[in-house]
Structures are given as structure tokens and as C-alpha cells.
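Chain IDs A, B and C follow the sequence of writing; residue 1 opens each chain.
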């Protein structure tokens, strides 16, 4: 199994969530984060200020998925979260050893 | 070493923390997240509303543990966080390369 | 590629960010978390209270980096976040399969 983590623009969350549901993803976890990429946040936000802009609010989305779904899930997120402007985000994939559903104690792919 | 990540119901945090301490876990990191599983949050919260309920508040707990402790730590979390109702949570395990204690620079299992 | 995750004292974030930029790190993601280590938070905060102090506010910093940079990035964080007092933090390293830049669809090291 894989843990897919995506950092996306906050206004894209609903669209990404719906695209993942359409694909068949049954669960996800999200949180509010801040960050920046190669432009260090410059020109991602406009406040008419002269001080250095750096951390920009983003959404962090995590989904544990089956191995066979990982590449498609990444594609769905990238396609849906893309606006073509800087700061659109990053998606990375981490291998996981195991997952458990707390209510039932089920393990492995059946627990996703 | 392993990174155990658990998504649990917020009211279960104190109990899970105490159970992990009793087991011998010496450190953890928690944050506020939102999420949903197979029911997409339906009937996990009741607001008398007709709109689609989806993201439900959860706690994300992370603990880096020794390889030999990982299975027991997962068991302790699952047993303690379990209410038997939907939305009880997920626990997953990721292999890590290394950990460092910032104050001392110690590395590996001694740094946990 | 590697995902370096650091839990540091909040007042150290600016300094760590600058040190990572000086090293050449081009992106990172941060969030607010709480946690404790071996002292269970005792004497990390002082509120003149008799109740048990446990979760202390920390910053969680994530940076995906090239394999060759991982050890140096950990060193830069440890050196910069270190005060010598308890609660300075932890840094751990997780191997990742892949990363994608959402705007362009680039993958792998070029997408960092």
C-alpha cells in the first residue's frame, strides 16, 4: 500500500475530493498547512506589501491507497489541482507497511 | 524504526496517550485534522441538516518507535481508540531511515 | 528521494527556514502541532501550575529532498534548531517513491 500526500491550493480541495471520490477513493485526511516552493511564495499572494512574502496557506491531503491505485490517484490529484499558475502544489508517494481499521481491527488492503 | 500514524476520534486522545505511556512510548506528536472514510462522514455527526456531511474533525497522532514495538503500539492504539462505531479511525505504519534528537544529535533507536 | 520531517520549537522556525534556504532547499511545508518527548513536557513550559503539563506547541516542518541532500539537510536542521535545552525536537527521514510538481506534471528529482 501507498500513502499519497498532496499539498494543494485551498480553493481546489472540493474539486480534488470529488475527483477522488469519482475515481473510487473511499477515505482521506486533510489539514491546514503553510508552505512555499521555488519562488518562495513571491507573487503567489498580493498584499501590496514590501516585506518578503513566504509561507502561503495550503491544504495537505493524505490518502492511503492500494499499490495498483497509487499512480492513478496521483494523476487524478495533479490533473484536478492544476491551474497552470505557480504554487499549484506537490504530490508525493510513500510506501507503507500496513494499515488497520480501528473499528474492526481489519488489516491490509481490506482496511483501506 | 517505524513511524506509526493514527487518525482517531478527538475524545479518545487522552485515553490513547495514557495507554501508550503505560506501554512505554516516550514521545508523540499530535495535530488537528479532518477526514472521512467509507461512509463519507454520514451519520458520524448530526446537525439536523440536509446538506452533505463529509469532513469530520479527527486527531492525527504520530509516534516514531523501534521496529520491535511497532506491532504492539498499533495494537494498543486500536484497542484503546475503538468504540465499535463508524469513524473510529485508521492506523498506518511507515518505515523510516533514521531519527535524530535535536538537543544532543543522537541518532537511531537511542534518539527515540 | 527522501521526506525529512522535523519537529522543532516554534521560535526556531525562521532561523531553520533561512538556514535551509542558504543550503539550497527550495521548498517546505509547515504546520502547527503539539507533542512531548521523554520528559512528557515537564519543565518545558512554566505556568506556575500543579497539574500535569504534557503537550507543548511545536512546528512540524516537511521537506522532500534529493537522496544526496538528506543527510546535510538533517544536519542543518539539527544544528540550527538546537538550543541545548530539553524539548529541542526530533528529525526523521522517510524514503519516498516519487514526487510530482502539480503545475507542470514533472516527476522525480526535477519536481522537487
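Going forward, a contact is a pair of C-beta atoms (placed from the backbone, for glycine too) under 8 Å apart; a residue touches a chain by one contact, two chains touch by 3 or more.
The UniProt protein names, listed by chain, are A, B, C = Nitrogen regulatory protein P-II.
What you see is a predicted model; the values in this text were computed from it and never measured.
Residues touching across the chain A-chain B interface largely differ between the two copies, under half of the numbers being common to both.
Rounded to the nearest 5, the angle that brings the Cα atoms of chain A onto chain C is 120°.
Mean C-alpha positions place chain A and chain B at a centre distance of 19 Å. Multi-chain contact residues of chain C, defined as those touching 2 or more other chains: 31, 94-95. On chain A, the positions that touch chain C within their shared complex are 2, 6-8, 31-38, 40, 54-55, 58, 60, 70, 74, 77-78, 81-95.
By the touch rule above, chain C contacts chain A in their complex via residues 1, 3, 17, 21, 26-31, 64, 94-103, 105, 111.
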